[in-house]
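Two complexes follow with chain A in common, the first pairing it with chain B and the second with chain C.
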Partner chain A sequence: MEPHRYKVVSGPEGFLPPAAASMGVALPEQGEGLIEGARVPAASALEEAATRLVNAKHPTFFPGPLILWNWKDGIAEKAQALKDLADTLGAKIIPMPDYRPKYPMINPEIEVNPNHPNLTIWHNKIDVCVFIGVHCHYANMALKIIRGGTDCCTIALCAEAGHEDAVISLRDFALADLHALTAAVNRLKARG
Partner chain B sequence: MLQQQVRSPEYLFFEAEKKKQFLSGSEAVREAIRKANVDVAISYPITPQSESMHLVGDLFAEGYVKEYFRGENEFAVMSSVAGAAMAGVRVFTATGGPGTMRAFEMFPVWAGSRLPIVCAFLTRGINSPLTIQPDTIEMAFLLETGMLMLHAETAQDLHDMLLKAFIVAEKTDVHLPVGVFADGFFVTHTKEILHIADADSKLPPYDPHCAPVPAMDMESVPVRQMRDPFVMKSNFISYAAHASWQQEIEAAQERSRKHLERYLGGLVETEHEDAEVLLITSGTAVSQSREAMAICRKEGLSVGLVKIKSIRPFPSDELRRLAAGKYAVIVPELNRVGWLAKEIKARVDDPRRVIGAPRVFGGMTMPAHLIVDEIRRVLQ
Partner chain C sequence: MSTRIVSISPAFEDLMPNEYKELVENGPYGKDYKVTDLGKYKELIEEHPLCAGCGLALSLRLVLGSLPSPEDTVIVGSTGCSALVFPQVGLHNVHSLFGNQNAVASGIKRALSLRFPDQVKDVVVVAGDGATADIGLDMVMQSWFRREKIATIMLDNEAYANTGGQESGMSMEGTVMNMAPKGKVFPKADLPKVAEASGCAYVAAASPSRPGKLGKVVRRAILIAREVGPTYVQLLSPCPTNFKTKPSDTVVTIKTREKEKSFKQYEYISDDARSFLSALDEGKQSEGKKSEGKQP
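Right after this comes the complex of A and B.
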C-alpha cells in the first residue's frame, strides 16, 4: 500500500492547516512545478494555472513589493506583463505593497494583508488568487491561512524556489514565463 | 591580506585542492571565517570560545572581515548580529555555555525573523556550580529555537560545517540561523591535521535580495518596510497569523534537509550499520564510540556506529531505518540529561531498545572502555 500523500487542495481545510513542507511536500526542482503538492514538469503546472484562471469567476492577482517596486532591471517589464495578463483575464489586481498589519481594520475592497488575507478573499468572493512578487515567508504564511479558512484556489508564481503551500506553484518564474502563461490563457479562451 | 577570488560554494567545498594544516579547533574557526566573506563579526569572550573570536578579530585586522567589535555582553552581541543580519549582511559570532544562556532570548528571535546568522557554539558546562569544562547540555536548551543545529566531531568538521552553514542558512527556502556546535576544549583546544582549501578563494557574498523577508535596508528598494509586530493585538486573526508564522519556521527547517544532504553528504554517517548493536551519537562522543567499536569488533562483537551530523533538522527517517531490528541502540553522551537519547527514543519504532548510556558530564572525559563496558553489559 502506498503511504498517504498529503494533498494541497483548496480549503477550507480547518482551524490551522499544517505547513505542507512538514507533511512531506517537497519544493520543485529546476524545470518543475507543483500541482496539489505533487512535483510535475513546469509546463504542466503552467497549463493547470492557466486553466484554473480561465475557469475562475473572480480571478485576482496579489502582486507584492518585489514586482510593484521598480527595484532592479526587468521588473517594470514584468509588472507590465502581469497587468496585460490580468487585463486578458478581466481579473482584479489587489496589490500588497508592504506587509504592515494595518490595524484596526483593512479595507478588503482594495487591499490584502498576509496576516489576514481571508478577509479580502471573502469580501471579493475570490475563487482563484495568484501570488506574485510576494516575499516567500509572507506568501507561505498567507497561503496557509487562505487554505485554512477559504475555498479559494491559490497559485504562486515565485521568482525563487516555489511554494509548497500553494495549490499550484511555479519556481524561477521570469518574464518569459509570464508571457507563456498569457499565451496559454489566450489559447484556452479561444478554444472556449 | 591575500587577494581572494570569489568562487562557487561547490568549488570551495568539493573541487578546490585541499592542503594539510595542523590546527586547533579555534584556528579551524579562523580559517573557515577567512574564506567565508563575512561582513560583520561581533565578539564577547567566554571560555572555551574566547580564542576563536579573538582570532576572527585578527582576520578583521588583516582585512578579511569588514567590521568587527566587542559587544557589552552576550545578549548585546546576539542582538547586534540580529540587527546586522536584518540590514542584509553576512554575520558571524560565537559563544558557549553560560554565554549561550545569557543570550538565549535572541535565538528564537533570529529564527522567527528568518535571519541567516551563523554562530559557533563551543560548548561547556552550564553554571552552577561553576564549571568551564566540556559538556553538551546547552544543546538541549536550543533544540526548539528554530535554528538549524550541526554538531562537529572534529576540528575538520567544525571548519567544513561553518563554511557550509553560511550557504545553507542563506538559501531562500531556508533562510534560518545555523548553530555549528563543537565540544569545548576537546575540539577547540586540541590540534589535528586538517585538509583545507587555500585562503585565496572565498565564498560569494550574501545576496539579501533573495531573502524570503525584505531586508531592513533603508537605502535600497524595495525599502522602508519594517516587520511590524502583529502579535500585539488580541484577536483571532493575529493569533492565526502568529501560528502560521511559526509553522513556516518549522517548514523552513524541513526544506534545509536537501541542502544539508547535498553539502554534508547526508545528515548521518554510518560504519557497519548492519551490526546487531549500534552506537548512535554526535560530537566527540563519536570519536570515543569509534574506538569502542574497534575494540569490540576485534573481540568478535557485532557493533556498528552512526554519527549524527545534523541535530536540527533531526535525521528521523534515517535513524528509524537504521535502528529497525537492532538488538540494542546505545547512545553515549557528554551531558547529564541525555537529550540525544530522548530524541532518538521519540522516533524509533522500539524505544525500549535504546539505552541512554554511558553519560559523562561536569568536565569528565568519556574513555572508550566506558562505552565498551556498556556494550558488554547489554550483550550479556
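Right after this comes the complex of A and C.
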C-alpha cells in the first residue's frame, strides 16, 4: 500500500496548518519543481503554473522587495518581464514592498503584507496568487497563512530553493523562466 | 553609498503605495539631514504603538533624524519598549535576544566590513536601560573591551517599563514603582563612567529636552564609531506611564531633573576622537570654502 502523502492544496485548511516540510514534503532538486508537494520536472511545474493562471478568475501577483526595489543589476529587467506577464494575463499586481506591520490597518486594495496576506486575498477575491521576490522566511509564513485561511491557490516563483508550502513552486527562477512562463501563458490562451 | 536599495524598479513605479514613493522621493536616504530638518521630509518613523508622551519615542524620533547615512545604517535593538517601534522603522533593523544586542551588533559590523570593505556601514545599537545596563551589561562591556566599532545608544527610561514597572540598575535611588513598592535601595548606575573606563572613544549623556544637542551627540557617536572605536550615548527618556506623570510633561520632567541636578548633560571625548573630529571639521571647512569659491 502506498504510504499517505501530504498534499499541499488550496485551503482553507484551518487555523495553523502544518508546515509542509514537517509533513514530509521536500524541496525540489535543481531542474525540478513542486506540484501539491510532489517533486516534478521544472517544465511540468511551469506548465501547471501557466494553466492555473490562465484558468483563474482573479490571478494576482505579489511581488516582494527583491523585485520591487531596483537593488542590483538584472532586477529592472525581471520586474519588466513580470509586469509583461501580468499584462498578458490581465492579472493584478499587489506589491509587498517590505515586511513592516501596518497600523492601524493594511489597505488590502493596494498592498499585501506577509503578516496578514489573507486580508488582501479575501478583499480582492483572489483565486490564484503568485509570490515572487519575497524573502524566503516571510514567503513561508505567508503561504501557510493563505493555505490555512483562504481557498486561494499559491504559486511561488523562487529565485532560491523553492517553497514546500506553495501549491506550485519553482526554484532558481530567473528572467528566462519568466519569459518561458509568459510564452506558456500565451500558448494556452491561444489554444483557448 | 547604497541608495540603490531604495530605488523602485521602473516597471513598478506606478504600483508602489504612496507611502513608499514618498520615502524614496522625499525621505532622508542619501541626504544629510539633521534634527533641525525634522518636519521637512518624510521621516523613517511616523507611527508607533508606544504610550502617549513616551520619552523613548521622542528620543527615537530624534535619533533617527540624526543618522548621518540612514541608507547605510543597521540598527540593532533588544527586548523592551523600543522593540515595539523598530518593526515600523523604514531602516534595516535587527531584533536581538534580550541583552545580546552588542554581541549581535559586533557580528553584523564585522560581517559588513568583510562583505563591503569599500563602503561605510554604520551599526548602531539602540536599546533600553534594562538591556544595556542590566541584562546585557556583559555583552555591552565586552564589545567595548574589544573596541568594536559600533555606537551604543541607551534609551534610559529608568525602569523595566513594558512589564509593569520594575526597577532597573538605572532607576534612581528611592524609586517606587508598581513592582518595586519598597523603593530602590541603591543608586543609579553611572554607566557613562563605566563606558569611559571600558575604552569607549566617545561618551555622552543627553536628552530630548535639547534636540539640537541630542542630534549632535548621536552624530558624533556614529561618526567616531566608524573610524576610532566604540561609543556610548545615554538618552534620558522618561516614562509617563510608569512614573505617573502627564504625557504632555515629559520634557518638563527632564528639565526638572536637570534643575534638581539628578540629570546632567555630559560629554567625554578621547584624544583620538578629538583629533578625528578636528580633522572632520577642517575637511568640512575646506569643502565649504571650495564650494563658496564655485559660487558666481
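Some observations on this one:
Everything that follows uses one rule, which is that the second predicted complex is superposed on the first by the 192 of 192 C-alpha atoms of A that agree within 3 Å, B and C clash if a C-alpha of one lies under 4 Å from a C-alpha of the other, contacts with A are read in each partner's own complex, and residues count from 1 in each chain.
In this section, a contact is a pair of C-beta atoms (placed from the backbone, for glycine too) under 8 Å apart; a residue touches a chain by one contact, two chains touch by 3 or more.
Note that the structure is predicted; figures quoted are calculated from it, not measured.
On the superposed chain A, the two partners chain B and chain C do not both fit; they clash.
Annotation for chain A, partner touching more residues between chain B and chain C: B.
In the superposed model, A:K83 makes contact with chain C only, not with chain B.
In the superposed model, A:W69 makes contact with both chain B and chain C.
In the superposed pair of complexes, A:E164 makes contact with chain B only, with no contact to chain C. Touch criterion met: A:R100 reaches chain B and chain C at once. Stretch 99-107 of chain C is the one among 9-17, 27-35, 45-53 or 99-107 that clashes with chain B after the shared chain A is superposed.
Taken together, the two structures place residues 68-72, 98, 100-101, 103 of chain A in contact with chain B in one case and with chain C in the other.
Every residue of chain A that touches chain B in the complex is listed here, in rising order: 16, 18-22, 26-27, 65-66, 68-72, 98-101, 103-104, 114-116, 119, 135-138, 140-142, 144-145, 148, 160-162, 164-165. Chain C meets chain A in the complex at residues 4-12, 15-17, 20, 47, 49, 87-90.
Remark: chain B residues 114, 171-173, 175, 209-214, 220-223, 225-230, 233, 237-238, 240-241, 243-245, 247-248, 250-252, 254-255, 258 touch chain A in the complex. On the chain A side of its complex with chain C, the touching residues are 63, 67-72, 75-76, 79-80, 82-83, 93, 95, 97-98, 100-101, 103, 107, 110-111.
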